[in-house]
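The structure's right below; bear with me while I get my questions together.
Every chain is named by a letter (A, B and C) in the order it is written, and numbering of its residues begins at 1.
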């Protein structure tokens, strides 16, 4: 059995002002194997972040179910950790303090907190900066801390919500390579939301393409590029092929959106 | 593998600054302006531009200051005013911080208490001074009460704002790690609202100092305000100014201290 | 329907309830003998006394006297504070020269100089206006200064690229961009001017709300005193609300620096 099993998932929101019910995600079925790196890609408003937050247990389900290792998700749990888009680092804590935060919340009992935190900080390559505060770090460094904080609690599944979305293109590419290096060492199942096509292909074993109104899965694409990967695969034919396929999907979404705008 | 980014220096590396050895242009202009003011003040009465009886002179003020520190029971009056200030301020902190925390974490309590609180924050609480005198007599108690009333509202309102405006992304992050309500309170809300609390304290200092002085000017038998009143009615402007300057220096020093702590704490916040 | 109204207007409903609650509690606390009415009077007595003072014209006289000083002091503070703030915001050297005085003014309780003003200007209206003027000056100056000084760089650069001269930038970019911050300063100034007027009136005046409070305070007539206290608080809330309203009207002028 797969590690993450999502069956017939539906999530409705009630708009705060008008009381109108709005369906963010509908009829989503997805299974993710242990150790797999799955990216979820789609244009804005396709419910990809909502889906991820549902797996994190931060959003209530309206229909269907999510199971992890056969256990139903009904709230956050130590088997999952989230890397958020904004680094969401506590500004009054040092790098080490931030990495320790998750451990403190989960009443970590696997040895010394400082030791564990330092280990993770070194893993993401910030060993020298453990006493710095977030405002002293660059955007890329903050996201490394963010990743270290999530890895520290030793989750089964790592959930990432456009973690590099706020970074510039150059840093983003570096962070992608870094993430793969860390992931290959940590051996976690990873669910990674992005709207960047190259990023989605570069990282993934499997790409989930989502469409909108309401958010649903359009296609699941296997990625058979060899690992370990580096930037050179960006120029391979297989990569180009996948990029073309994903572009077609997203273009379709864009044109349907324009149509809606013209009608309205 | 590219990892140039890690070796990059942190965005705001702190350096030891020796810039105070070379005064900045603005500091020089400020000093010059003050000197010019002092010179003008000194010569204006001699030149007959103003009546020296009303304005005194810097040199006279300086002499009066020396005289006051030597033999005017200065410490006695200062101690009384300081006691009123400290008692009222301490009382205000004891009441306002828990109240601010309660209001910041409970929306119903906030909606319930916010209107009267705002009204008293906006309104000049010093108008309650005469009624405090009726309630509490003319000793230290009514001044302590006025100091308390002046200081309590800015602290409550700022603590409340700091608590209730906690960044939702921090709350979500904490929840994702399974934080309990208590965890969120102690590790996110409390440290997160510290800068706001300090802002409240800083605003309260000014109001509290004002409270002491107005209270003592209004009715008292001792204290800095009493001395101000005494020398004011006796037209001893030099001595009046010395006491006024002492109050200013006190308020200024305290404000600067709180502000520097506040800035230090605010430094942590990401931009 | 009622539940929905309550939910949407929770702040308003609960706020009104708590205000009514305070008045009721005040009345009951005295009626049941829990508090001696000598100390605090009761809402019903205050209301009755308000009617008396309203009909004999003393409410109008006192409010008029206080508002007269208030308007003068706020007007002067707005004029002087805005001009100084604009100069200091535009010319860094002016700011440097003014800074020590502003800091002194900020930390010195203006009232400490009350006897000095009396010596120079005599008892009554001029002294009251001077004190209240100094109370209100600081926030108006400080906000104007920061508004002008923090003129959005991108907008200024864009204006310069179209050939705008410094005066154009000041008049068409810096000044309009500062209006919301200046309005906020004025709102703070309103509260402080009122405090200044009333506090100065506590010490010496022939009319005004502060005067009435002291006068009846010395006679230990709590009810009569309460009338003026309540009016002062109401006036403070009303004036600040008006300014807050004006402030929100200028909110759309705010330059969003894209954060």
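General remarks:
Just so it is clear, a residue touches a chain if its C-beta (ideal position, glycine included) is under 8 Å from a C-beta of that chain, and two chains touch if they have at least 3 such contacts.
This one's a predicted model, so the numbers in the text were calculated from it and none came from an experiment.
Note on connectivity: the fewest steps through touching chains from chain A to chain C is 2.
C-beta contact counts were set side by side for B-C and A-B; B-C has more. In terms of their C-alpha centroids, the spacing between chain A and chain C amounts to 51 Å.
Separating the CA-averaged centres of chain B and chain C is a span of 19 Å. The centroid of the Cα atoms in chain A and the matching centroid in chain B are 47 Å apart. Among all residues of chain A, none touch two or more other chains.
The multi-chain contact residues of chain C, meaning those touching 2 or more other chains, do not exist; every residue touches at most one other chain. None of the residues of chain B touches two or more other chains.
Partner chain A is touched in their complex by these residues of chain B: 1-6, 8, 10-13, 169-170, 172-179, 183, 187-188, 191-192, 194, 265, 267-271.
Those residues of chain A that touch chain B in the complex are listed here as 56-58, 75-78, 80-82, 84, 86-92, 101-102, 104-106, 125-126, 129, 132-138, 140-141, 153, 171, 174, 177-178, 181, 230. Interface residues of chain C facing chain B in the complex, by the touch rule stated above, are 10-11, 13-19, 22, 39-40, 92-93, 95-101, 103-104, 106-109, 111-116, 118-120, 191, 194-195, 198-199, 202-203, 209-210, 213-214, 216-218, 220, 222, 225-226, 228-229, 232-233, 236-237, 240. Every residue of chain B that touches chain C in the complex is listed here, in rising order: 25-34, 37, 54, 107-108, 111-116, 118-120, 122-124, 126-131, 133-135, 206, 209-210, 213-214, 217-218, 225, 228-229, 231-233, 235, 237, 240-241, 243-245, 247-249, 251-252, 255.
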